[in-house]
Amino acid sequence: MSIKLLKYEFFNMYRNKWIIFYFIFFLVLTTALFYFAKSPAKVVATLLQLIILVIPLTSLILGTIFMYDSRNFIELLLSLPIKRSSIYISKYLGTTISLSISFALGVIIPYLFFIKSLEEPPEYFLYFSLVIAGIFLTFIFVAFAFLIATFFEDRVKGFGSSILVWLYTTLIYDGIILFIIIYFKDYPLEKPVLLMSILNPIDIARIFVILKLDIAALLGYTGAVFQKFFDTKLGISVSFGVLFVWIFFPLIVGLYKFRKKDF
Amino acid sequence: MKKLLCIKVLFLITYTLSYAKTITVCPDCKISSIKKALQIAENGDTILIKKGIYKEGNIVVKKSVKLIGEGYPVIDGQKKYEVITVKANNVVVKGLVIQNSGKSDIEDLAGIKFFKTKNCRIEDCILRNNFWGIYFAASKNGVIKNNKVFGPAKLEYLKSAFGTRIETNFGNGIHLWHCKNMLVESNHVKNHRDGIYFEFVKNSTIINNISEKNLRYGLHFMFSHKDNYINNIFRNNGAGVAVMYTKFVYMANNRFEYNWGMASYGLLLKEIYDSYIYHNVIYKNTTGIFADNTNRTVIKENDFLENGWALRIWGNSQNNIFKHNNFIANTFNVATNSFENPNTYTENYWSDYKGYDLNGDGIGDVPYRPVSLFGYFTENYPLSLVLTRSFFIYLLDYTERNFPMIIPSKLMDKRPLMRRYEWSR
Amino acid sequence: MVKVKNLHKKFGKLEVLKGINLELTKGQVVAILGPNGSGKTTLIKSILGLVIPTSGEIYVKGESATHSWDYRKYIGYMPQTAVFPENLTLKELINMLVDIRREGYNPNIKESFIKGFKLQQYMDKKLKTLSGGTKQKVSALITFMFDPELYFLDEPTVGLDPISSSFLKDKIREQVERNRLIVLTSHIMSEVEEIADYIIFLLEGVIYVQGSVKEIIENSGEKNLERAIAKLMERGYVY
């Protein structure tokens, strides 16, 4: 049943102008980047900024829009013999997979197109860690969007909360880290800061990419704790573990809420 | 009369050439040792060494002979002796494998050492596993060309032993001390303490060499005035390249790359005067160029790519000119400890410049400030590096650039380029 | 067919259903009536599982409805305002629902509805372009085409033109003859009088009166259902 629902979710998503727009947005931007920023590292650096900024925001906003807009469809489906959780999960997968595909195609097509004409194309591995990071962020923030849209009946409250979540994870959280670093400069802070940064999914994604991109600078730092941590198997599994927790935590809470919700 | 003198000179040369003989050495020949051959040789003779392994302790060359290897004979020092010591002028060493020199805490035992020589050449040799590789002391007009100098020092020693063990356990690849008019060309040096070492070497040229994976410096350069080094690659050395206490150096077309670590630089300049740094590529180093007390030096048309800090310049460096350089995708462009700006930055390309060019002359209308607020934070709170490329940091930098309050505002490029400066390669 | 025991529902502090008990058998049209906010829609949605009851039990064909979803295969639901995924065409909607639900799908019923409602011309139109009345017809079509045993129709004739309205009423009566149970709500008393067999009158979350149409009119002493219900409501407001 879920598979069929998923099929129709995709069907519906690809008629959605947002999804097409999302694809074109990344396609045009990445193409322009490759075209104008001659240096591969510059392309990756700008894409990283774009990904950690735009993907959480659009995932949250589009996720809430889709959820509110498909309330009708959900009500229709709810009167059919279908499990509530199937509806929620297929809606979630339909949204995340479509957004991820739009994003991934949008950034990979220009890469494949320019890879031959560039003297030094961005490293394969680096570029794809960027894509993976983007996909993880999509899954995480759509889960949050769905949780928010299920929680708040009122659209205005829903969008407000989405933007708060975004501000918190992209801006405020890093501001707090910087404050702690400056304020407690006399204390050994490596481990607390490491812990704090792996608790924020955006920071994990960012650190993974800068470990490749800015390794020269990061290695200049005495402790090099981050490189040591993220380069070990433990570090990598812990960070992926945290990313998965950040997907499943909002997803499961949202699902629980959805199953108890009155329509 | 003049004509007659010319003929006399020509005659003299042909005379000596025709009377110079060739002595062949091989393990099965009548003359089976190089030492024996040296005994019977006279100035101007050629000693042809055939394929084989020669373990003869310390071979001392006191005559002006040519030592020519055929099929790369191996001269082995058995880890006890300096393999070859040259103390004569006009000696040519060519086509030999020189390996396993001894090691000493008192003496600088080398694969081959030239001491107080003139016009000596070493060419096409392979030096393996020597304490010091090619060593010239107090010599003039020497040539070191097309050699491979591979030492025993692997980079993993660096992690445990930086600063202590490597000083005594490993020597330099190509070491020149108190020399003049030397040419170091097309050599490949790796796994030594310093790849190429110059101390009190004047009027010399280092060209087309590759120096990599050395524990300390790829090129270590001190009190060596009026030298050129051109078209070399210095890659993945423990601490990069150091040029110190020197005047009038010309550094062009070199690549400084992959020098990673706390105290690691693409190029370290310390007490440098009146030098010229031109057309170099400085790629992926923790610090691209570190200028400490560097003065009246022109840094022009270089590429600084993807470094941690493209340029770290201390306040004691003055009157330098940075022009037409490309600063692309570095984590930080310029770091400094001074609030003044005693240097000139003009018409460089900065890849994160966000200004505009209304009159279309290719020069941005808004000055660029290469010292970022985040750069300032990382100087004082190194841990904040973990926030690199965070959106929060981006906003902070953006605000500071537009309303400078904290960082030295005098350091700026008033004429930043809109496009990468294309210098011909 | 449908059995509700001591059903309570609170939305926050507002108690909408305050202990509903009822049992409905097949082969009849049941009209749930009551003033606005009396809990009609909430009652229907509770039975459908769209609203989760605060307490009480619901059985459909003997299956508990509170922790299960499978029983909905017996049910066809026509909501008060027709709601569809907007980007689909009518044809795609039908095909999709058939694909998802499948059970009970009867192409003959579908054809007769398309014909009766003259929907042929809208088959390739996007649903969002359809008028309110047409959407209502589509809603009826997708409810009836699965030939369920139990119908919940929330204001089924609102927005329909007289021809379509009487077509739908005919179809409703037809289902009674086929021994189905139809539960509907309506504000048009003449219509209720015309098609309903049994009436449940809700007031402030409880069943205030229930009985056959005839009994209700007789007990009130009025000449038709509209007046009878109006009288009940007035009394309700008085108390």
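Read from first to last, the chains carry the letters A, B and C; within each, the first residue is number 1.
Definition applied: contacts are C-beta pairs under 8 Å (C-beta built on N, C-alpha and C of every residue); 3 or more make two chains touch, one makes a residue touch a chain.
Everything numeric in this text was worked out from a predicted model, so none of it was measured.
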Pairwise touch network: line, ring, star, complete, or other: line
Core chain by centroid distance, with centroids computed from Cα atoms only: A
Chain A and chain B: spacing of chain centres that average the CA atoms, whole Å: 46
Intercentroid distance (Cα basis), chain C paired with chain B, Å: 89
Sequence positions of chain A contacting 2 or more other chains: none
Residue ranges of chain A touching chain C (in the complex, touch as defined): 1, 4-5, 8, 11-12, 15-16, 69-73, 75-84, 260-263
Touching residues (chain side chain B, partner chain A) in the complex: 260-262, 264, 284-287, 305-309, 328-329, 331-332, 351, 377-378, 380-395, 420
Contact set on chain A toward chain B in their complex: 37-39, 41-42, 45, 48-49, 52-53, 170-172, 174-175, 177-178, 181-182, 185, 189-190, 193-194, 197, 203, 206-207, 209-210, 213-223, 226
Chain A-touching residues of chain C, taken from the complex the two chains share: 11, 45, 48-52, 69-73, 75, 77, 79, 83-88, 92, 96-97, 99-101, 103
